[in-house]
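Chains here go by letter, A, B, C and D, matching the order in which they are written, and residues are numbered from 1 within each.
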């Protein structure tokens, strides 16, 4: 095998370079990771991204403010509602618009449903990566109900386009709150079922405890947000720190982990789903009557200035930095993508682990390539 | 039986053909049942488009694999690449020659005198099975290496380590049964259970457990499916294989599952025997022919295989090794000691 | 519209709720006297060029040469441990330098945020802050990729979202939105050099 | 490890828990929808294929402006029309094309439409928009937008080509107020 010898990238070492992806079952899209392995041990990993780059930020610059909303749907396509929420939040604050309370509550319900939907995808694919295929179908079954609710509300299931600057485009349809309430009432039992499959399972514990550990200080240094940061024990949630919409009127907890490993992040997300259920229940109970759209001018024209607004997306802090020159189009609309910044810590998390652990870590970071590449 | 030629040549030939056909069909339909059962556990309904309720799905799959383009990567080691699937499939099929599917039978009066439905009963049957089936690992290693693909290579290496490690505790758990049976012959082992009046699973529960865990590991099935861990190694050692060569790997995997289940049935569940074979009160169960008993027990094991696949996550490579060497091996050794002491105290093997 | 019908009739003297008023946009104010700005000015004197407050967010424009000092001081002395975002804005006509590099810092102790801004001319390097916050690595790479701003002492200043060899910086205002012919030989045996799929083309 | 932990570990309680869940779902009602035979009915607001009414369209171009990706192409000219004996200039639609293959079904055109009921709508509940050829088959001009196969009328409104006046007030008010403006 002379030709094999010649093509070894490191002829003198025992290391081997593996190109993971961009077509790989476990990279959640078109992520490519160049891994240098010594046997099965990862010496270094280098994520290569950009395969899904669509120039969303450039496209934003030619759209009107409401026209950008459908484009945000396509960034983190598992959480379109929170993307919409972050964008319209930024523009509303630039314009000084106050959202009517009913619209704010509807937004919260939609966002929390989206958080559950996103976490169900995460759980399904994360478990699938670690080898348990069945949770995927159970979680998707629940997600399907959420998508049905979205379809009833705004007519789309995935790319929702369900918020507008100044409020909500439509009121809730007849009987929607009842169906939503019924769904969130039965959800905790489903979550308990998923937990019975995984939480105590010895294989699951072996695969996740102590894998991809990051300390709280390091997590802040690497800019992690969302469940990866909370899993390390930092009590940090935009919904509590900078309450937007009406999050200051509802009661919920921020779950945090202790060790910052994959298992803690798993527990944090499971608890977050329960907290979301709690928030939705309170929102449904408090849902005020009234208009869903504030009085905004037909042509949206924020004043000259710049504003950064972020929401707690399912993946982490999702921020929009809007710069306006006083015209109808955003001069610059920059996204602070949570996945992009969380993925950056991947080499830090996997160094010294085995290849199988890298799969678990990619799963636990809960990345969506649409948001990373934009 | 007229001429000795018939007994010597024709009868075994017929048996070989029948067993081969049955095993291959079984492997194909095992894939169908696996898909169906997994689907049912995952609140889906599985294949249901080809034929009534999808019954012809395995046939359609086989046809598709036959006519599929057979790709050999240009950088592959051609000879080994082609031979490797045969190397894993042949042992898996050979092993069926010594598995006793049932007691001597006249096939419902078809024959004048009862003949054994299995091919042969050699006096070192279980040794033969262990020996031949471990040849199969060469197919995996060589196939993974010859593909000249890093994922395949890692799958092959994982498989090699895994099979070697789990042979050891598996062997010890089998020895525990052999101590109780006092014979290496598969038929004798079943008969020993009839004499003892109890399946060996009851005295050998620990051995049974170890055997089954090792069996799952040997067949590369979930939760030990590291060599072909889809999310890590794409498809492991058979990443580059396609068409019929891939079908051979597939066939071998399912045939191996049947082998492991059959051996478990023979060793621990009394082969073709009904439950409590010496209890006269249960004699009405004898209306069910022995072969059905055997098939039902094998079916139970296969269902467990699929059930496990539908439930458990996958071990990591080092954890798998740790489980094999640090848990199963000591436990199987201790169990061997206990069983040996028990056999000694109870009067020894017959 | 039926939405209005649900509104309970308001007593005439009660003020309208804010969502029924015409929105009053916030105005930019000079924020040199703002607490957060004074903190910086006290630690790093004569670095602050300009300070603006808009809708409650403070923007401090810092001299390009001093940005590393300011960032380090912010992190070490003022507890801005968390770099939330780093990006750039292109103002092609501006005489003081074409680009704004924007840093968005967060302080955990009192949950306050601060925006730092540096004006950079085209082709002029700005110090990388990867030594201060590790998170800025990819953010600076993105700013380099999208705007062509060079960050001095960056450990790995490569393109991140576009491919290596892409010519041009897409988020500059003079980059055409239809895309450019990159000349990338994607399928060299099928397309002639310079041919092939056009970046941002119709995709027909 | 506590005694209880040891016991659960030896007795494989954790694994049995998982097996019990999958075993339970083995007998659960299946969620699969046999698609071509069983067709799920989309919700009332479902954004599907376009419907268009030339009679209702006032050629204001607002939908084309609202479209984030500019796939609505409109051309018009003025015509002298006699209404009640008075000569009036009226805009007449020459071309109303939607490049459906690029459409992302955001529904902003429908929201922007000022007519009542709207002249362009996506609530046709038709989601089977696949075609074999995208440039020809997924480019809809105004005739095709009104008469494409499987087009369903706007909910609650009798389609204008079925013999009713397009802006007939009785016809318009027969639609539920909820469905009028979504």
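Quick note on the criterion: contacts are C-beta pairs under 8 Å (C-beta built on N, C-alpha and C of every residue); 3 or more make two chains touch, one makes a residue touch a chain.
Note that the coordinates shown come from a computational prediction; the quantities given were computed from them, not determined experimentally.
Asker: Tell me which chain's centre, taken as the mean of its C-alpha atoms, is farthest from chain B.
Answerer: It is C whose centre lies farthest from that of chain B.
Asker: By raw count of C-beta pairs in contact, what's the busiest chain pair here?
Answerer: A-C
Asker: For chain C and chain D, what's the span in angstrom between their mean Cα positions?
Answerer: 37
Asker: How many angstrom lie between the CA centroids of chain A and chain B, rounded to a whole number?
Answerer: Going by mean C-alpha positions, chain A sits 44 Å from chain B.
Asker: At what distance in angstrom does the C-alpha mean of chain C lie from that of chain A?
Answerer: 22
Asker: What's the distance between the Cα centroids of chain B and chain C, rounded to whole Å?
Answerer: Centre separation, chain B to chain C: 62 Å.
Asker: Show the residues in chain A shared as contacts by 2 or more other chains, in ascending order.
Answerer: Expected reply: 134, 138, 141, 197-198, 201.
Asker: Provide the list of chain B residues touching at least two other chains, using ranges where the numbers run on.
Answerer: 41-44, 310-312
Asker: Which chain C residues touch at least two other chains?
Answerer: Correct list: 2.
Asker: Using the touch definition from the top, list the residues of chain A that touch chain C in their complex.
Answerer: Contact set of chain A toward chain C: 49-50, 53, 55, 57-59, 61-62, 93-100, 166-167, 171, 220-223, 236, 241-242, 289-297, 302-308, 310, 317, 319, 321, 323, 331-332, 334, 336, 340-341, 344, 373-374.
Asker: Within the complex, which stretch of chain A touches chain D?
Answerer: Going through chain A, the ones touching chain D are 63-64, 66-71, 73-74, 134, 138, 141, 144, 148, 151-156, 159, 161, 169-170, 173-174, 193, 196-198, 200-202.
Asker: What residues of chain D sit close enough to touch chain B in their complex?
Answerer: Residues in contact with chain B: 15, 18-19, 21-23, 25-26, 28-32.
Asker: Under the definition above, what is the set of chain B residues touching chain A in their complex?
Answerer: Checking each residue of chain B against chain A gives 38, 41-44, 75, 77, 148, 150-151, 154, 222-223, 225-226, 229-234, 309-319.
Asker: Provide the residue numbers of chain C that touch chain A in the complex, in ascending order.
Answerer: 2-4, 6-8, 17-28, 54-55, 57, 59, 81-85, 87, 89-90, 102, 104, 108, 111, 113, 115, 133-135, 137-139, 142, 146, 159-163, 170-171, 175, 177, 179, 200
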